[in-house]
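Chain naming follows the written order as A, B and C, and within any one chain the residues start at number 1.
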């Protein structure tokens, strides 16, 4: 029976330089703002205030969700992100759409999967580019027995190791006031190498993660179908990003909002019942202008281990060598996110 | 103790031709739109876009919920719907209210219950009729020992077997653009008799179904009270309608939105923990004008059985004969909905 | 390791007459309205209608949540409220902020905790005071071995036993119309001493209570961290207030909205899995003007006991004497709220 219902692309379906417009464009409203707060508890002032500025992570999830139908339905693993940049403000009422381009293809030697590199560009209703990024994903092959030309001749694009601080878009309209944050922690207080604990934890449950994922119209079925997943629907990786980021407000109180992600890795699955915690290492500090500085931060989200409960949280090793001498993430770590945060000076 | 708190109508409380205004009128906002998306994942373009058009099923649930205080509190079973028609657009900020009329009464021979036929009319703040429909419900009698006059002399109104395609209200403002749907599946591609699989599944949980039901101020206690229901609150029948419909976007990508329901039956209870799936049979196709056609569709929602996982999904029998030769719904089927969908040509 | 992440005030950190501005001011939107309805099912007409008036309890939770970072992170128990007054209308788009002042301090003889009395004042973006109240909280001491001066010389402010009916703010714009409530129950129908059953029950679950608590940016970790709480996150006391109040619409259909709380006590913890019910005793009736009267009500919320299921609900004892002759709340009671409700005449 030929099927009208879309079952997603397999590795063989992608072409190099293929461009795809993604459904469904989405208008972001104050309803999305409230739902996001109810699902994360985020209290970064400007995104709870009267200006209508939309939280950068709401923008990210909304446009990321639009790529799922093409990229994620037959994905085996979300391998990485690079060069995630927010490029223009998004406000209540803006409509966001995503266009993607396939920029790299490599079949894996197993014959079962291949890696697809995707360039992503999100624009608003005026055609302004609001976000761009790359991601790469391991995708199932339809036919494991027939190699593609990407086995012998892979095309692997070079991904930027980081976004340069000078390329960060700074929106001076989202600098919080002293009355809003009631915090004296400013850009100049942060030093390279310090570790910031956030002293919070959230236990995840089926309803919260599914509502979050549906809000952003991410319809990858592994997140929703308990029968398909042995009773353990996989939590969308955006959930620990957003909840970790919400918790990270404590200690980054004068932040303006995430401006770029240099790299990110989902290092272990997260399921309902897990309790997640976060801490942040300061990797770099770069003054941008007289009002705003950029902090390069490494946010680590853990599951079922509260870093603040350790005798010496500063000694917690994010990664360690396995028996073969390769660096591996500690089993308690579920997210390792290297990003640029803007902070008022 | 005489009680101010309302305990609902029993069968004896209804009068033929009785007219009732239902509380509480409801203003539909962008908050309702976002909450609905978070609870269903629906991605039909126009109802996620900037125009402010409200999803027909949001309209339905909002006005249906208003009838619950009068009709559902002592209901034993929701027996059927007929002639559900959406008659005018509803947009963000509109306020909807429901007025109902009792048009049929029949006491059942058991003496325990009776059937009430209800005519429903929903209007907006300008007095425009936005929806009309009939439903009939089995309602407990207060006094099982005293027959009513509706036992010997029942009044059973004739319900329309279907809505005529020519009576469908077509809103040309909700035709999706190619950029929104990115789908070439147009009206002309559908053929009578085909079965469309939607390749999706959602596991339901207590919070999601209760939030959905509260959003629409449906306060029938069987949906909320686990003690009353042996730990198994009954999921409001609107939940499988909306989640099934959301899943049915896959394969009906250029739909404009449901325009009428000819008939609907909730054929088995749904509880938290069930995973629901949907498929759609095309019953009829009727071109309406040069832009829009109507598909008469039969959406079947199943629980704990993914039709796409069957060796031959096309052979799945929705109904079969029981030992007495009566047609019965397959035990896996929870909803059988015969409706008119509008699709761009 | 010195920490930028805030870990909350201990008893020793408070000073008499200390004034604190609380983060994060919050703009209340139609998204919050919809989320609140989805989480409570509240159907008080004016707060579901086109006027944009915000439910008094939404206002309360939004500004209460702002005090949590200073007051609640190391709280042992929420001891009481007094003089909670709503003083001006709040409408969609208003931004609310909270300022607090420490007005009493007493160290407990155990040396482990002290009591802090807090005066709370919430204002909108125009500087109009929208709410004021007092609460007192038992807060952990940082150092159990060193007494503070508040042990020998406590300062215990006198709290008002009640708000005078003549001081209630009456907003005539929120009087419901007959079409909205479709109820003939008016102020004159209520008599001192009567008990009103609400005939409803809701089983709470982890997702609902956490979403409610996050919506109002209350980040006290006992509400969210199942590991910290032995699998039993404590439900924020605002949840039974709001769900009890939502259920209490049945029997108080022509209410305008809560105008003041005289006193309130959370008398037992509530957890996911509990089913809550409510009834209301009428303590007093005071006509205010020709359109509106005030009812002094005592709302009792119970868990896992439906008062309507008792043979004689009117005989249910809220409190009884323990073996030492002290009045104690019945173990089934979780909330005892003495408040002023406005009702149309």
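The rule we apply is simple: a contact is a pair of C-beta atoms (placed from the backbone, for glycine too) under 8 Å apart; a residue touches a chain by one contact, two chains touch by 3 or more.
Just so it is clear, the structure is predicted and the values come from calculations on it, not from any experiment.
Trainee: Count the residue numbers both chain B and chain C use at their shared interface, divide by all numbers used there, and answer same if that is over half, different if under half.
Mentor: different
Trainee: State the superposition rotation angle between the two copies chain A and chain C, fitting on C-alpha atoms only and giving a multiple of 5 degrees from 0 to 180.
Mentor: Superposing chain A on chain C takes a rotation of 120 degrees, nearest 5.
Trainee: Need the CA-centroid distance for the pair chain B / chain C, whole Å please.
Mentor: Roughly 37 Å, centre to centre.
Trainee: Listing for chain B: what residues touch at least two other chains?
Mentor: Residues 29-32, 34-35, 39, 205-208, 211 of chain B each touch two or more of the other chains.
Trainee: Any idea which chain C residues touch chain B in the complex?
Mentor: Touching chain B from chain C are residues 29-35, 37-41, 43-45, 48-50, 179-183, 185, 189-190, 194-203, 205-208, 211, 250-253, 273, 275, 304, 306, 312-314.
Trainee: Okay, in this complex, where on chain C does chain A touch?
Mentor: Residues in contact with chain A: 1, 3-7, 20-27, 29-32, 34-35, 39, 93, 95, 97, 125, 205-208, 210-215, 217, 219, 221, 224-228, 233.
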